[in-house]
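Two complexes are shown next, each including chain A; its partner changes from chain B in the first to chain C in the second.
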Partner chain A sequence: MDTQSYMPVPPGVGLEENFFSLDDILLSHQRLPCRTENAFPRLGFLEKSSETPDILEGTKMEMPLWLAKGLYERKRRVLSVDLPKMYREGWRTVFGADPNVVDLHKMGPYFYGLGSQLLHFDSPENPEIAQAILQTYIGRFRRTMDSSQNAYNEDTSALVERLDFLERTLFREGKSVQRKW
Partner chain B sequence: MDPSEVEFLAEKETVKIIPNFSLDKVYLIGGDLGPFNPGLPVSVPVWLALNLKQRQKCRIVPPEWMDADKLEEIRELERKEDTFTPIPSPHYMELTKLLLNHAADNIPKADEIRTLVKDIWDTRIAKLRLSADSFITQQEAHAKLDNLTLMEINTTRTFLLDSLKYMYKLRSNLQPGSGKSQDY
Partner chain C sequence: MHRVHTDRLCVPFHPIKCGGNEAKCEGKSELIPTIKFRHCCLLRNQRCVAAYLYDRLLRIRALRWEYGSVLPANIRFHMCAEELEWFNQYKKSLATFMRSLGGDEGLDITQDMKPPKSLYIEVRCLKDHGEFEIDDGTVILLKKNSQHFLPRWKCEQLIRQGVLEHVIS
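What follows is the complex of A and B.
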């Protein structure tokens, strides 16, 4: 029972994000491919590949999550978000076939978190995305548990590098178990 | 919970010792410690037994279950059953470790006992992991496990609870609109 003076705020549940959670802040830095539905006058400097002083309607650009969430309106006058390729049909079948094979860290270290936030932008595939993320998590759980609880004092970097951020947190928990023995 | 805290709690269990000194009854807040007469067995808590042993003032009598044949029976039973079998002491792991570390000379077949207890422990932990795994993969909401000791629960507690929490988070994605609004 160690009492801490610094209790970090954990990431939010499901669709919510905790404003003060460092993990959520880092998560929302991930970029999403978007298409602008409106023109943004005099903001051309944001889009590095364009030379015009304005951003024209229909430009494809990458925006960080926090910006995309803020600008997204249900009436869709401002922005429309495309799904990153990881959450699309092709990759979803890969996850369905064997979740353990995929290197989730390379795919963006916040696979689960970003996937949960994507559900904000109502895409017609939302239920499938949510289901796919859940199934991937469940499928990889066994491997995470086994490797974390048996890795006493060894170099674990080879095991950890294929894990997503959320799985790494679990991994650290599992490792701390081995302290006594 | 820290493993050392579980060990601390385990030291409350009583064990029989044979002192080689004499002392009148001692009245402590936690209970009375009976009069000590040399050569007569008396029941004391493990923390006191270990302390006396280290000062060479007593001889520890191993508990009844700490016997090679009994432990072997328990081990075979554990391997046959799919669920957890009742075990003789709720702190068998800690007591074995403490007694074998400090009083191995008083316990016959100490090495065998150590191996047997470790086997029992490994079997039970494997069953626990299997159970946790099926709990998560089938997304059940409720699991019942009998006859688990505190130490075994302790090994899996943080990991299982956190992974269930994350699973809950991901599951709540499937029901949009539940808990989405915040009231100020």
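What follows is the complex of A and C.
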């Protein structure tokens, strides 16, 4: 439904998610590499690589964001979340060098959203991650807005392919406003 | 057509079998992580279902503005009894609100949602819609591809439903 009367719940900003937002629900479905610091008895059937009835302490698993957020505790008894590779030092320098070059859709379609949610997990690199996400957004913003306003009636699939979800929303809005104008 | 994007919604199914064992765990604190795990899954399911139902309501609300107060039968078919009830209540609230505006008669704010440029507009019929009566009593036959010069306020609903098309020459 793309009429003006249908106003779906928008995704949350920064560290907060909107409970009813469908976009946030899809975002929190993304998986993160984690390691259990605690054993989870009787849940062994979820871990396909081992045959044990329990999930043992120190198991490396991929958990969806919603589960990692729900189980994580500051006192660090339960879970530790590893940073996915695009939020680590190596990729951060790439983003710093030239943010426009990167295909953010391939890096996980929710680069900004997932990055913001990662800050919940108290990694020592949090300030650097936050800065990197912000600077990447600033660096790419200009080009996204420019192309959305000047690509009237053209095939924009090549441009849109390399944008992450947030940038695509921006792009669509820019295009629809321009069409109305 | 009321398209609910059910393909967007992923309700995870977790066959957590430890529910039945919870009753036996008095004093067994090592099961607490498992219980917490299950609780997260339940909350997740709850969130997905709630968001789905809420989104449906938002779309139903939009229907009042797009289609008017009478919904086509094929749309009503897809709504449950509670949603129909909600729609009726919403219609009533909206009508009460509109009556309270603009003096004695009230103001229909579902008309003229974009500022109109002229009183009468040229429209082309996109599909057969049968007979259509305008204010002075004349009956117009809306047949596919026929063109008419009609008052804007009568055409607006039909344009939004896709029956008529505004011709800009």
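Quick note on the criterion: the second predicted complex is superposed on the first by the 174 of 181 C-alpha atoms of A that agree within 3 Å, B and C clash if a C-alpha of one lies under 4 Å from a C-alpha of the other, contacts with A are read in each partner's own complex, and residues count from 1 in each chain.
By definition in this document, a contact is a pair of C-beta atoms (placed from the backbone, for glycine too) under 8 Å apart; a residue touches a chain by one contact, two chains touch by 3 or more.
Just so we're clear, the structure is a prediction, and the values are computed from it rather than from any experiment.
S.K.: Between chain B and chain C, whom does A:L119 touch in the aligned arrangement: first, second, both, or neither?
M.R.: The answer is first: A:L119 touches chain B but not chain C.
S.K.: Determine, under the contact definition given at the top, whether A:L67 touches first (chain B), second (chain C), both, or neither.
M.R.: second
S.K.: So, A:V94: does it touch chain B (first), chain C (second), both, or neither?
M.R.: So A:V94 meets neither chain B nor chain C here.
S.K.: Who does A:I138 touch here: chain B (first), chain C (second), both, or neither?
M.R.: first
S.K.: If you count the residues of chain A that each partner touches, which comes out higher, chain B or chain C?
M.R.: Counting residues of chain A touched by each partner, the higher count goes to B.
S.K.: Quick one: classify A:L56 as touching chain B (first), chain C (second), both or neither.
M.R.: In the superposition, A:L56 contacts neither chain B nor chain C.
S.K.: By the touch definition at the top of the document, which applies to A:R42: first (chain B), second (chain C), both, or neither?
M.R.: In the superposed model, A:R42 contacts chain C only, not chain B.
S.K.: Quick check on my understanding: which residues of chain A belong to both its chain B contact set and its chain C contact set?
M.R.: 1
S.K.: In their shared complex, at which residues does chain A touch chain C?
M.R.: Residue positions touching the partner: 1, 3-9, 19-22, 25-26, 29, 38-43, 64, 66-67, 70-71, 78.
S.K.: Any idea which chain B residues touch chain A in the complex?
M.R.: For chain B paired with chain A, touching residues are 1-5, 129, 132-133, 136-137, 139, 155-156, 158-159, 162-163, 166-174, 176, 179-180, 182.
S.K.: Quick one: which bits of chain A touch chain B in the complex? Just the residue numbers, please.
M.R.: My answer: residues 1, 13-16, 112, 115-116, 119, 126-127, 130-131, 133-134, 137-139, 141-142, 144-146, 148-149, 166, 169-170, 173-174, 176-177, 179-180.
S.K.: Hey, which residues of chain C end up touching chain A in the complex?
M.R.: 3, 8-10, 12, 16-18, 21, 30-31, 33-34, 36-37, 39-41, 43-44, 47-48, 50-51, 54-55, 58-59, 61-62, 65-66, 113, 160
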